[in-house]
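Each of the two complexes below includes subunit A, the first together with subunit B, the second together with subunit C.
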Partner chain A sequence: MALQTAQPRSPTPPALETRSTTLLLWLRRVGSGLGRPLLALALALIAGLIVIMITASGSLFDRFNAALLAYGYLFSGAFGNAANLSFSLVNVTPLIFTGLSVAIAYRARLFNIGAEGQFAAGAILAAFVGMKCSTWPGWLLTPLMIVAGSLAGALWGGIVGLLKAWRGAHEVVTTIMLNWIIFYVSDWLVSGPLQAPGQADQTPSMPPQTNLPKLSVLYNQTLGHFLPTISQPEQYVVDVGFLFALVALVAYWFLMSRTTFGYETRVVGENPRAAQYAGISVKRNVVLVMALAGLFAGLGGTLQLMGQYPYEVVGQVFRNDTTGFDAIGVALLGRMTAIGIFLGALLFGGMRQGGSLMQLKANVPGDLVYIIEALVLFSIAVRFLPVIRQALVKRFSAARQPTVVAALAGGVVDLDQAPANGAEAPTMNDQPLSESGRAALADDGSGQAQTPAQERQHQQNGEA
Partner chain B sequence: MFWPIFLRVITSGDLWQASLQFAALLLLPALGGVISERSGVVNIAMEGMMLIGCYVGVAVTLASHSVLVGVLAAIIAGGLLALVHGVVSIHLKADQIISGIAINVAALGLTNYLNIVQTGGQGIPSLAFNLRLPVLSWGPLAQLPFLGQVLFQQNVVFYLAIVILLGLQFLLFRTNLGLRIRAVGEHPQAADTAGIPVRLIRYACVVASGLLSGLAGAFLALGVAGTFNPNMTAGRGFIALAAVVFGKYTPLGAAGACLIFGLGLALSVRLQDTGIDSNLLATLPYILTIIALIGLVGRTVAPAADGVPYEPGSAE
Partner chain C sequence: MHEQEKTPLAQAADPDLAASPYAVEMRDICKAWPGVVANDHVNLRVRQGEIHALVGENGAGKTTLMNILYGLVRPDSGEIFVNGERVHIGGPRDAIRLHIGMVHQHFMLIPPLTVAENIVLGQEPGGPMAAYDRRRARELVLQLSARYGLPIDPDARIEKLSVGLQQRVEILKALYRAADILILDEPTGVLTPQETYELFDVLRVLSRQGKTIIFITHKLREVLDLTDRVTVLRRGRNVGELVTRETNQTEIARLMVGREVLLRVEKRSARPGPVVLRVENLHARSDRGLEALQGIGFEVHAGEILGIAGVEGNGQSELVEVLTGMRRATAGRMTITHTSGEQAGKTYDITGMSPREVRLVGVAHIPEDRRGSGLVLSDTIENNAILGRERWPRFAWARFILRLREIAQWARRLVGEFDVRTPSTRLPVRALSGGNQQKVIVAREFAADPQLLIAAQPTRGVDIGAIEFIHRRLVEQRDAGKAILLVSAELDEIRSLSDRIAVMYEGRIVDIVTPEASEEELGLLMTGGRPSEASREEQAQATGDS
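On to the complex of A and B.
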């Protein structure tokens, strides 16, 4: 049995690697990439529907109608008109940043539960700088606050990486601990050193010269001179931070799929031992990845502070904020890809916004959104389809592929680990890369020597 | 200014009574964490299991007019939520961290949702005193100076927690079953070879963690607060997680950690007059845990197979 299944997995002749098969395989990868998140979302929405039906009143038909009505308000509240959409996008911006934070760490197989803490660290240091230098001109203070906030986040994430690299402290525990440390520290700052005089636990508003402009206002002031202007731009509350988030998405994509650092991170994530043999410094990579993760989240916190009313940090706000945890759902739903994170953030941010309309109009508590979110997480974690498939292929698991092949396989790091890969992974377009991976393994001497794959990467950089 | 207040606070029975109460509240989910992690299943969902225990405890107590039924319901609710974690992480081999986060989010959403649906957004009023978990007063012992207040005028769950603590310590390190649990967490393949039912033991341990967390939730809602508030656990499940790690994955160690953390919590409220900020003092458990993790004072090492799903027949 085992021999038979092992047969097709042996190296395939390169003659098969034609354009049409490559395209077919690419389509299949996109299909399977979209399939699971969509399935997860569908299951979650159905389960949410059932929850509403259980708690509604009337006949079964009435209950079903009530649930559909609630979903109608949920989605029209999120994306129904331009004003609602702009509110949704306000939620989307921090979700993109924290989602990137979770995703970049996950690429190195590090579980960053500390996005919320890094988010808080960024916001609180930016607020500190903004308050201490409140008389400085905007062109100087604005970038200073952004840089300070990003660095604070990077520091807070970098500590996790350092502890992991230096002492092997598990990042899940350290990130949870660091979250609560920064929550309390920020509460202390807001109720003490940074407290606005005569106010409750909150900082004063950030100096007005640092407030980020609304997207609509910016548009009227620039493109609006040539194109039709937006009337009443103030009602569209989304600010320039959203553009930063889009740039961050592109930066993430470039970093992960077009640079040596991204390549090394993926290898470290898939197989640290292989990475070590290939001359990659795993410890350095872990610290860098966590610092970058923190940087993304810290930038998100900073831009939230500077972009949205009331432009201040309020007591206990981070402790009760779920952005950093939602981000885990966003990143998993988006399968750690830039476009996926964008769509996931749009969905979660929209639901948050739509939830309040749903509660107002359909009398269904907005907390339903949390339930849906949890169900999305569950169905992603469980991987229903692979579980079924796995039951079929389990007996052949002896002939499992070495994981380094998966590590080097193209851009998407597949969340389905070995069993699912065993069923479909050894595709033809992976073959050249995996060969270079073997070359990298063979070259275990000096850390300086470039592997063929790295050379390839550099060539691509040159072309780009 | 500082020392007189500090001395007065530190010698008051009131402080130690509160410390022990906080400690017992943390101890129950921490013991749950210990047993779950010892069997090789990572559990970061004590927070959610506690929260569901809080809500179900209050709701059922109100419906049945019996605090005992309420507590039992809370325990079962915690156990059921843990069973979900068990099925997802043991049987379906899902990522235990993701599952844990999902349970925390689900518990937050469900309790808030049901609370709003049930009360129309009014919130649950304070419970009558006959519907709360009673304080046990040990007759003449309770009249002892200092000790009487600290040790013999505690909530009934406090004494239950101590019994569970001693029982669990004995179970894990002095019995055959305890040896099996630890074997399953350290080396499931070897345990399986020796004929130990790996999955069954893991299921039992995870569900036990849920039962204990549910009890802690009932203690918090029915014994301490006397009502349900949204997200009322406020991170206690995570402090319990810290206690598990800080206590080196042993029941007695976790209890020691809970005592320190409980004292910190009780102190933070009472030392405000001295100028020590309560928020800064509240960071202490987390900082201590990180220090313990990096091994400055005796390194903490998790069970070897913690978080690794076991696949029967798989080779190391």
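On to the complex of A and C.
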């Protein structure tokens, strides 16, 4: 029975009869994990192409050429040579940290909009420590700043967790509010207690002994003794913070998939009642997860401060910085997996970098990058909010035939019998994202929302 | 509305009804999903005005067939006739136009709206451009309600209604859309026995008024009680079309499962050992702050099954929650005494323990709501196999790092021993049928070698084969010397499995009787009838407040 019922109505059913099911399942996971983000990216690039062609001049062919040229520069500007790549990685590092921050919270189904605030909190406290103890030796002060910054981020995230656990305050609201609190606090500090003497709205540079070495310099100093050295290492600006980011990615993967903490977080996120049944404290987990989310972001802010010129906090920098919000896109695009976040951060960070070269060489406004980013996110979000699609489907079917009973047509396939009719089975494909969209529709999360398969079904029906 | 000729009760006079048009006839319906044939040349013939049961195990293709009839799924091939005419059903709209209505297992109601609003939703009186005519809607609903003898308060909000009444609203909703053919998909799964009886009365009335009813179920008693004819499906094929009067449970069960099924549980008489669970004067509040438990006291011995009977909502759920640490007791005491294993003879006070701690001292718990709390549906079988025990040294080093290989092995063992039908333990539990989902829970809880096993509605929504299996395992565990507390709304289940039956009513145990007690006697106790003198003394002793 189950052999049959496990068969979903999906484009790529696993051949359950064979013994290589595990491999197939894995392939499916990879396929479904990569498929949608890649599709989203492709769609966004095509749309961007059209935008460029509209703004360019000349014949259609010229316009097309111009667009391809622009993309060429976009790519080579991002990854074309080692220097550009190193600039890109400078953007990538904070995106990884904040992306992890969003992702870990999302594993417990918490929407962390506050990565930017936690990022700022980390940077600010690290700057504070750095300034107050500026005479301490580097071997002591550097780790101290990193720890202080991480903890500040953890605190800033932990507050959100506490408010959620104790008072049930929604994390979206509290994170946004805390963002603004820290933005203003930082503005005040930068133009007040931490202001550099004789400067407007900025702190003094961090003590030089705490500045993180550039990767290339570090390489020359270590492996360079045995291997060929890099000439002019100073032009490759990426610092060791990037290594920290890679470590953080591995730590995230390990934590989420190999530990009881990750397991319990998943249970809390997927089914809080099962958590209660299992004796997993939902509140404790919510606080912990938010604190960890803040820790990642705070660490990102700290390393950014310590690793990159000008090694100081400038007035209003955080409120104009979009890293923590781009991170939401990175995490969504990466489907909350470590490797996905890495690739997502690489894409976003690279595009930022490549955009300037594109503007310079192809004379296409660098803002195109934002258009592409937005389109990528939009394509993801369309999937993310099946509500939208369902609303559209309903609208169309209602228009065609006013007598139809939308409510009856709503979720008519019996989801309890899912395996039999395959209605629910496609969600096997769906990684975390589908769930919250469904939850938005059916508050109890019992999944009465329509799955894509059903929607297709309805559409077909409507066309008949 | 429509006018349609209603043939008189189809079955009554003429046994040779083949000539008269069927209300619904589905011929040679085939439907395949990739890799599986859900319907393989299935035929269904439903006469006008009859109550027709469509039975089969989970995954037999009942729901697919009905979804085809309701236009939700397109058949690959086959023909559908409604009232003798060949029809094309391209969507629910067509079905509604053909006066087919469907009541789903999970209600499609909008909780904050009133009954009337829900019923007229989508076909509101007042026209497409005009404002919603509230008064007219009320009137229409009241008329409908009177016409079919389904009393309902049109102004009540859905969220305030009991499940049984919500179902009534669903039926009215279908009738409002002029349904003559009513499909009910496992309508009794969510109902209490009383609500079930009421539903049956309603359906009989509707049938008498000429409505044709297709009733999907896998509860054989209901088939016999209610229906006129039965169509049995197994693995997507027709295996029988029977006249209910001329058949019996055993025959239907055999057709459904494809082999002889033991409907009665075979068991030896219990050999109770020492007390494992002792509950004294237990008090607790419900979610709404009412006194849900008012001085419960009982004992469960090793090697016996104590059944808790009662109409749902009389404190059984709260009792289980308190026992398992999911709910706080406001007063009273609970202890677990180990009777086997390394800690034999040791007694633990589990009052105030967390669910994790309770599990650690040897209590296993099959929760009543498997999809709600017993499983994480999106997670794999492997991960579900350690839910609640993920920090045990066996599964995690230093309670932190998961021992994946060990967990995979464990899951494979459970799947093997408990016959969970799945191609891989890495599949999400969601992909399993209901019966197999339940088996995952049962396996997980049994395999932990508990002292006390609390089984709440262990066979709810599970097909016959799995019920038989779970029952057998429960008895096996009992014979292995475990103490078992069985809470079930199925009186049959309680009576056939339990060695003693405690009847709960309004947060108290009114009596503890033997399984030989008649159904009437139990029914009386369940609705608050007087307990016998002798057993009341026993009760007083157990609660310790004499």
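The criterion applied here is as follows: the second predicted complex is superposed on the first by the 364 of 464 C-alpha atoms of A that agree within 3 Å, B and C clash if a C-alpha of one lies under 4 Å from a C-alpha of the other, contacts with A are read in each partner's own complex, and residues count from 1 in each chain.
Operating definition for what follows: a contact is a pair of C-beta atoms (placed from the backbone, for glycine too) under 8 Å apart; a residue touches a chain by one contact, two chains touch by 3 or more.
Keep in mind that this is a model prediction, so the values were computed, not measured.
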Inset, instruction - Applying the touch criterion given at the start, work out whether A:Thr174 contacts subunit B, subunit C, both or neither, answering first, second, both or neither. - result: first
Legend entry - Residues of subunit A touched, compared between subunit B and subunit C (which is higher): C
Inset, instruction - Check whether A:Ala374 is in contact with subunit B, with subunit C, with both or with neither, and answer first, second, both or neither. - result: first
Inset, instruction - For A:Gly279, select first, second, both or neither according to whether it touches subunit B, subunit C, the two together, or no partner. - result: second
Inset, instruction - Return first, second, both or neither, reflecting whether A:Tyr184 touches subunit B, subunit C, both chains, or no partner chain. - result: first
Inset, instruction - Give one of first, second, both or neither to describe whether A:Thr135 is in contact with subunit B, with subunit C, with both, or with none. - result: neither
Inset, instruction - Starting from the residues of subunit A touching subunit B, keep only those that also touch subunit C in the other complex, and list them. - result: 397
Legend entry - Touch list for subunit C against partner subunit A, complex: 33-38, 57-64, 67, 70-74, 88, 90-93, 96, 102, 104-106, 108, 110, 118, 121-123, 128, 173, 177, 185-186, 235-236, 324-326, 354-359, 365, 367, 369, 371-379, 383, 386-388, 390-391, 396, 399-402, 404, 420-424, 426-428, 430-436, 461, 465
Legend entry - List of subunit B residues in touch with subunit A within their complex: 42, 44, 88, 92-95, 97-99, 101-106, 108-110, 112-114, 116-117, 231, 234-235, 238-239, 241-242, 245, 277, 279-280, 282-283, 286-287, 289-290, 293-295, 299, 302, 311, 314
Inset, instruction - Sort out for me which residues of subunit A touch subunit B in the complex. - result: 51, 55, 111, 113, 163, 166-167, 169-170, 172-174, 176-178, 180-181, 184-185, 187-188, 191-192, 319-320, 322, 325, 328-329, 332, 359, 365, 367-375, 377-378, 380-383, 387, 397
Inset, instruction - Using the touch definition up top, name the residues of subunit A that touch subunit C in the complex. - result: 1-10, 13-17, 21-22, 25, 258-261, 263-264, 266-267, 270-271, 273-274, 276-280, 397, 401-422, 424-425, 427-428, 435, 446, 448, 454, 457-458, 460-462, 464
